[in-house]
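Here is the structure we will look at, set down as structure tokens.
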Amino acid sequence: MSRTFEEWAQELVQAGHILYAQGMVPATSGNFSARLAPDSIAITVSGRHKGHLTTADIMQIDAVGRSRDGKRPSAETALHLQLYRRFPDAHVVLHHHSLHATLISQFEKDRIIFENYELLKAFPDIDTHASRMEVPVFANDQDIPRLAKKVEKYMIAHPSIHGYLISGHGLYTWGDSVETALKYVEAFEFLFKCELMKRGVRSP
Amino acid sequence: MSRTFEEWAQELVQAGHILYAQGMVPATSGNFSARLAPDSIAITVSGRHKGHLTTADIMQIDAVGRSRDGKRPSAETALHLQLYRRFPDAHVVLHHHSLHATLISQFEKDRIIFENYELLKAFPDIDTHASRMEVPVFANDQDIPRLAKKVEKYMIAHPSIHGYLISGHGLYTWGDSVETALKYVEAFEFLFKCELMKRGVRSP
Amino acid sequence: MSRTFEEWAQELVQAGHILYAQGMVPATSGNFSARLAPDSIAITVSGRHKGHLTTADIMQIDAVGRSRDGKRPSAETALHLQLYRRFPDAHVVLHHHSLHATLISQFEKDRIIFENYELLKAFPDIDTHASRMEVPVFANDQDIPRLAKKVEKYMIAHPSIHGYLISGHGLYTWGDSVETALKYVEAFEFLFKCELMKRGVRSP
Amino acid sequence: MSRTFEEWAQELVQAGHILYAQGMVPATSGNFSARLAPDSIAITVSGRHKGHLTTADIMQIDAVGRSRDGKRPSAETALHLQLYRRFPDAHVVLHHHSLHATLISQFEKDRIIFENYELLKAFPDIDTHASRMEVPVFANDQDIPRLAKKVEKYMIAHPSIHGYLISGHGLYTWGDSVETALKYVEAFEFLFKCELMKRGVRSP
């Protein structure tokens, strides 16, 4: 899949527009990246309006997070790099900040369990609604490398994972393409909304 | 109504775009079909993004579900075929996976009753708000032919039916055209939302 | 204000598109009219998709509801006519079927009181948030002339009124133009949403 | 930043379209201004549909609120002027009337506290989610100069402030540009929604 930096940057720009239009990255929150090659990652510059992204808002870093084009890498870069190291097939990481991801991450201390949803089949290695999917919730932390270590430690113990939440901060998910990662974003958002609505809903 | 496969495929594509824009078919869920002739049905290929459908995502099957063009039929085909056998006037079947259909199907075990809504008049053979409409809820099942048999058995006992829910999975509805079926989708979605909001709402 | 039937029809068509886009007239519900002259009213034909309206979906009736162009008047015509008789300055009547109008009309038996909203100032003869606005709720009735008589009787006793609800059926509001009536629709929808959310909201 | 009145007016027009599209300024509510120069402010004329604004709906006033172009200033002008006097770096003031701002302002008597949200970092002088942001709630008042005095008195005691609510009336926020002020609008709206949803949500 040897695509140019420009092509990947354009895909990340479009992902930003889609996620902004859906209200998932308010007030310049969120960040997205794509792995071009083992030592080359395209990633959004910090603090840009995700609905107004252009390819000028995408920078290039290497596999340990050093800038390759003079622009300043985001503080959250270490979280993207941890995922690329752990998942060789991941080419895209999306981090958003939706209302539902933020809220549900504040209701559950350590993890959320999703069961009996047909939509779980949107994720690989789940082929029946009778499956059960666990999404961990990590406490927020301004020390990002420390947080990345926590996430890595969890993933070693729980290899079958498709996304994680940071409390009061949002969702990280990844896939082999922008299309796949956006599909997971959509499925997670649906599941978060279902679970939140259940907590506010009583029998008549 | 002798329209070509291409014309019907285009209508299903537009139905997909409309339903995706309304958030009803997230993460490639949902499927739609149209009966062209007694032995010819156009149906969406499995796993395609419903907001990005093109006519290349619509395949052709016969009345017992065998592929007529080499593409692989969806697992849920048997549910569409059961409806075409039972309802000679049905030319379109729409299955979506909206949040509200999914949620309400998890709250009610066997059926949901809707009463006193003027909007019930959107359905045929109801001409007053004082009517009562029953929507059955079937337990989800990965064995689709078995589920189709259950649905058929219910419909023999309850011939006046306009849609049914599969628990945690969504709604099936049908009509003589895409326009009619989309009208029923809209009416059901409205009724589901009303009932869900009532369960979360108390007098002050 | 001597505008042609065609010009008024086009305004009603646009009102339909706006209200449909906002989800207020699902499944062909709702109806809109405009008074061209004392004996000439443009009104939507029954059962048309309000988001797909064209001027062919607008018919002409006289002041007592008789068709002037061969098309069949809606069953709800009498409710429009009652408003034109009572309010000489009203040139437009809008009836919609929003989720919030439907729900709140099922929670309150006879009337809803709105107090302490700055947005009440959107209505004439209210110039402070400290005002109080009453919106009556009438029981639904398939006998429309009988319902129109009830509404007329209420209005004689309560002359300062800007809209009313029919239980499980929606809102009627009116104004001197489509722009004014749509402003009232917006204000009512805001107030209905506020009151509904309050009923589902508790202090932590 | 020496831009013409026309350029600032166009920015306010676009802000109005954006806020209307997001449902935040229903029924002609809301008002926006920009400071061109120490004695020259562009401000929306009262009572215009904010989604249909043109530069003809933007007027010019001086630093004490006197009209410079013959149009009639809004009643709420004094609130904009108080902010321009207090914050020399503020070039834009946005006042909207969203459902969530209105509702949450009716639930809290004097102030709302936001804690543990990563999105607090959207505001200046907050660089960790562990911060705490206070948003005061003022009782509504038709005597606007009196209300402006109350706001000024509060701000002298609480200099680190980025927005305030008027009960049942909405939010005032400001920034050095339309882009910055809209970012704050977005961040506040997110926080209001979170807090409102928490009040309606219970553990299962």
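Labels for the chains are A, B, C and D, by order of writing; each one numbers its residues from 1.
The working rule: contacts are C-beta pairs under 8 Å (C-beta built on N, C-alpha and C of every residue); 3 or more make two chains touch, one makes a residue touch a chain.
Only a predicted model underlies this, so the values are computations on that prediction, with no experimental measurement involved.
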item: Chain labels contacting subunit A and also subunit D; value: none
item: Farthest chain (mean CA position) relative to subunit C; value: A
item: Equivalent-chain rotation between subunit C and subunit B, CA atoms, steps of 5 degrees; value: 90
item: Interface composition of copies subunit C and subunit D: same or different, split at half; value: different
item: Centroid distance [mean C-alpha coordinates] between subunit D and subunit C, Å; value: 32
item: Distance from the mean Cα position of subunit C to that of subunit A, given in whole angstrom; value: 45
item: Residue numbers of subunit D (touch at least two other chains); value: 198, 200
item: Contact graph of the chains (line, ring, star, complete, other); value: ring
item: Chain-chain contacts as defined at top; value: A-B, A-D, B-C, C-D
item: Residue ranges of subunit D in contact with subunit A within the complex; value: 116-119, 122, 127-130, 179, 183-184, 186-187, 189-190, 193-194, 197-198, 200-204
item: Parts of subunit D lying in touch with subunit C, wherever the complex brings them together; value: 26-29, 49, 97, 99, 102-103, 106-107, 140, 142, 166-170, 196, 198-200
